[in-house]
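Okay, so subunit A shows up in both of these, paired with subunit B first and subunit C after.
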Partner chain A sequence: MNPSFKFLLAVLIALEISFTSTWIVNLALAVIGLLLILTSRPTFKRLILLFFVPLIPASALAVAILLQSNAGIHFALVLFTRIYAYVFVGSAATLTTTVSDLVMSLEQNAHIPSKFAYGFLGAFNLLPKIVSEVNIIRAAGNMRGQALHIWSPQLYFKAILASLDWSENLAEAMTSHGFSEEAPRTYFKRIRVRWWDWLVLIGSLVLLQVALFGFHLQ
Partner chain B sequence: MKYSNAWHLRDIILLTLIAIFFGVIYWIVGPVYNLLTVALTPVGLGPAANDILMGIWVMAGPLSGYVFKKVGSATLGEFLGSVVEMFLGGQWGASTMISGVVQGIASELGFTFTGYKRYDWFSLNLSVLTTTIVTFGWDMIRNGYAKYNIGLLIALFVIRLISTWIFAGVLTKAIVKLLDRTHLMQTQTR
Partner chain C sequence: MATIAVNHLSFSYPTEDGQKPLTLNDLSATFPSGGFSLLTGPSGSGKSTLMKIISGLYPKFSGVITAGEVRLNDTKISDIPESDRGQLVAMMFQNPNQQFAMDTVERELIFALENQQVAPDHMMARVDRALDYVEITDLRHRQLNSLSGGEKQKVALAVIIAMRADTILLDEPFASVDPVARQLLLSKLSRLQREEHKTILISDHDLEDYDQYIDHLFVLNGTGDSLTLLDQKAAQQKMAAFQRQDTSNKQLQLPTTTDQAVIAAHQLTLTAGNATLISQPAMNFFKHHITLLTGANGTGKSTLLLAISKLHQYSGSLLLNQNEVAKMHRKQLYQQVALIFQDADQQFLNVTVAEELALSLKNSQQPTYFMDRIPGFLKQLHLEQLQDHVVYTLSGGQKKKLQILEMLIMATPVELFDEPFTGLDFTSLQTVMAIMKTVAHDCQQTMVIVSHQLFGLDALVDYHVTLKNQQLQYVGGLA
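Up next is the complex of A and B:
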């Protein structure tokens, strides 16, 4: 499926189930999400994490509803399944799409200005460097006997200074490789919107409405 | 001082990098959130962990609003942070992006109400207030906060306000003060 359409669908589904309270639909969405995740052949560790990590907020919300309100077990179940639907539908989109495919699709199909698309892509590719930079900043602090915590302004300050430096370098590098902000571009890899993308998008949303309405009436 | 509203390649990369830094930091916060939630769940106060840490999650918004001083920069910064968090494997899946937009618009409102003219302690506090109110409203729908008894609801709101004020207010101000002293931002943002 076209990446832009896929993410649009995931967000629309998440938005819709935020306002509805039908746990069967949430459960069905989670199962569909899980099946899609399985097609991407995730590692066993990832799969275990996917099951257990949402368990924490999901049970926190459900227990809180049971103990702190009189909304009852049905609503607790709705909140519990809602979290799983969010995570599995979201992961079904993120695990089956690469960031560069999504960005290219957003540029070509959703017509986001190319400076945003490539600026984002360029920065995103620095992700491993950023993770190591956070560790370097904390290690450098420790060497001076200065522990940098999540509430230390220095941690963020140094991170922003590094960002300033890298953004300047990266922007210059891109410009010197011939990237210009307003110029029309040709594409090495074309990402098309096909008729079945529309069909899946509209079809899924219609099905969701029918399911929600049907269970609502019961 | 007048600031240009156009986004250039360098600004976009810088904004994304800052967002990624925050995304990575949010990701590091994840385990803290889990521990806190697990500790509070047996007494039915699990959601309080969300409110206690809320400030950390909404920091990218006011900070990018303050750093870039452009229309939409707070929303964009917060949204990109959430996208990064989602790709890193954050806990909330697809709803992370929606939360990102909600939190971004929420903190943006503080700057909108001052017409994007004031970037000082007042607009930052206003941003803290709009962030708390709007994100709390969203949690009333999404996380079922609306069903809690009124005492807990008020307690959660106050916890969230304090957390947001400490991180998105006081800490953001401290960071911006450090940045101002370097004189790097003035040439960068104009």
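Up next is the complex of A and C:
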């Protein structure tokens, strides 16, 4: 499915279930999300994380509702399943799309300015560098007899300085490789919007309405 | 073919208080079309600044032109639309780590071609040819982050070739490139000039190996107020002073049995991505000696220094004074070993030169030794006037000198230097080596130095280790 459509669908679903309280629909969305996640063949560790990380906010919310309010079991169940629906639907979108495909689709289909698209991609490519940079800054501190703790302003000063430096260099590098904000570009990989993208988007939303409405009537 | 004309150009990086000290002052020169020109001058003279003005990056990204102009084929650089500029002029940067926007080699090339609005059907052919031209077809799908400095510079050249830029600017491109890769890059550039009539302008303070390639030698003086084209004779003289010193007959000693090991490796394996860099049954670095470590680009020299500094994982055993590096506490480890990073910016913790020096002196293991010697060292390194300067605004060479000095002041027993001599002009190089030698002797330090530049090193180092085919080995020759 077209990456922009996929993310739009995920956001719309998330919005919609924020305002409805049908736990069976939440559960169904979570299961569908999980099935899609499984098609991307995630590692076992990632799956475990996906199950346990949402467990914390989900149970905290549910317990809080049960103990502190008189909204009842039903509402606690809705909140609990809602968290899982968010996480699994969101992950289903992210885990089945590469960042570069998403960026290309946002640029070509959603027509966001290429400056933002490539700025985002550049920043994303920098993420692993930031982690190793923080380690290096701390080592550089130790080597000069200066312990930089996680709360040391100096650590952040250096990290921010490094990022500013990178962002400027990235901008210069992009410019020297012919990138210009307003200029038109050609695309080696065309990300197309096909008829079935529309079908899946609209079909899923219609199904969701039907399901929500159906359960609501009961 | 394109002529670059610099007319009465003055350029300034305005300071906080609104002053405009001139980095370049009333420069004029014409870099001939279709020629291979070399621009030289001492560290901090403004070579990088001039290159970035010619490429159109400045004043867009920094500084202001206070007078004059640069013209490319009679058109003012600032009047050329950005989207057309790529075909006219492209630039390769001094720091190989900071010139790519994408994640893989192939995507970076495609990105550049997309910017030039090349038709998608033609892209692959251009990418193939560019990679083939620089002989890096095997790097095509590699992550840019995982490449060595020399490999990155080859990729940068491939991008320029794919873009078919008429004028190629290279700003100290060989700082972290080994001699073999440097020769390859130079011969490719020379071929581009001869066969495709590209105009090439390289800035470098080190003139070795250039004489057979270049047509014109330009000199920018230390204060940035005179840019002159040397005539044939003066150029020959200047080049001759830089003839590669024949290092092949310089003999160094091999370690003796009485040497004490300070760093000891057993069954050590270092990897980067999927590639095994070093697989070493046994190896020692010896106490109170200065050891030079050489090897081709990407063999894992920097990675070894990072592993000893606990900044890269290893398998097997790596002992520092009989303690396993991986198990040592950072604080304890870094009192015994310090790494002088390839990228000087990573070393700095404070804002100004004076603050940097003060921090080192405060935490030095030999404060009394350095207390009265620092002013002398600063003078020798021409840093004494720069004490109030923000470290990040220094030139590449000045940063390197400050970085080495502040780490020497720490007087850590074991110091690992990763390419400490890049960006240093000839005189600075001599001074830095002399200071390192003195301090190492007086403070009884052990040093391991990774360097591509071998000039004059026989006077500094005791032993020489080469890294080849995943193996470290002591050798007697310097070359």
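Here, the second predicted complex is superposed on the first by the 198 of 218 C-alpha atoms of A that agree within 3 Å, B and C clash if a C-alpha of one lies under 4 Å from a C-alpha of the other, contacts with A are read in each partner's own complex, and residues count from 1 in each chain.
The definition used in the following text is that contacts are C-beta pairs under 8 Å (C-beta built on N, C-alpha and C of every residue); 3 or more make two chains touch, one makes a residue touch a chain.
As the structure is a computational prediction, the values presented were derived from the model and not from experiment.
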{"item": "First (subunit B), second (subunit C), both or neither touched by A:186", "value": "second"}
{"item": "First, second, both or neither for A:139, with subunit B first and subunit C second", "value": "second"}
{"item": "Contact breadth on subunit A, by residue count: subunit C or subunit B", "value": "B"}
{"item": "First, second, both or neither for A:68, with subunit B first and subunit C second", "value": "first"}
{"item": "First, second, both or neither for A:174, with subunit B first and subunit C second", "value": "both"}
{"item": "Subunit B versus subunit C as contact partner of A:100, first or second or both or neither", "value": "second"}
{"item": "Partner chain(s) touched by A:160 [first = subunit B, second = subunit C, both, neither]", "value": "first"}
{"item": "Subunit B and subunit C contact sites that coincide on subunit A, given as residue numbers", "value": "118, 122, 133, 154, 161-162, 166, 168, 170-171, 174-175, 179"}
{"item": "In the complex with subunit B, residue positions of subunit A that touch it", "value": "7, 10-11, 13-15, 18-19, 49, 53-54, 56-57, 59-61, 63-71, 75, 78-79, 82-83, 86-91, 93-94, 99, 115-116, 118-120, 122-124, 126-127, 130-131, 133-134, 150-151, 153-157, 159-164, 166-168, 170-171, 174-175, 179, 181"}
{"item": "Subunit C-facing residues of subunit A, complex", "value": "100, 118, 121-122, 125, 128-129, 133, 135-147, 154, 158, 161-162, 165-166, 168-180, 183-188, 190"}
{"item": "Subunit A contact footprint on subunit B (complex, rising order)", "value": "7-14, 16-18, 20-21, 24-25, 28-29, 32, 34, 37-38, 40-47, 49-50, 56, 59, 63, 67, 80, 84, 86-87, 89, 91-98, 141-144, 147-149, 152, 166-167, 171, 174-175, 177-179, 182, 184, 188"}
{"item": "Contact footprint of subunit A on subunit C as seen in their complex", "value": "52, 55-57, 60-62, 81-83, 85-87, 90-91, 93, 95, 98-103, 107-108, 110-120, 123, 145, 159, 163, 309-311, 330-331, 333-335, 338-339, 341, 345-349, 359-360, 362-363, 392, 406-407, 410, 412"}
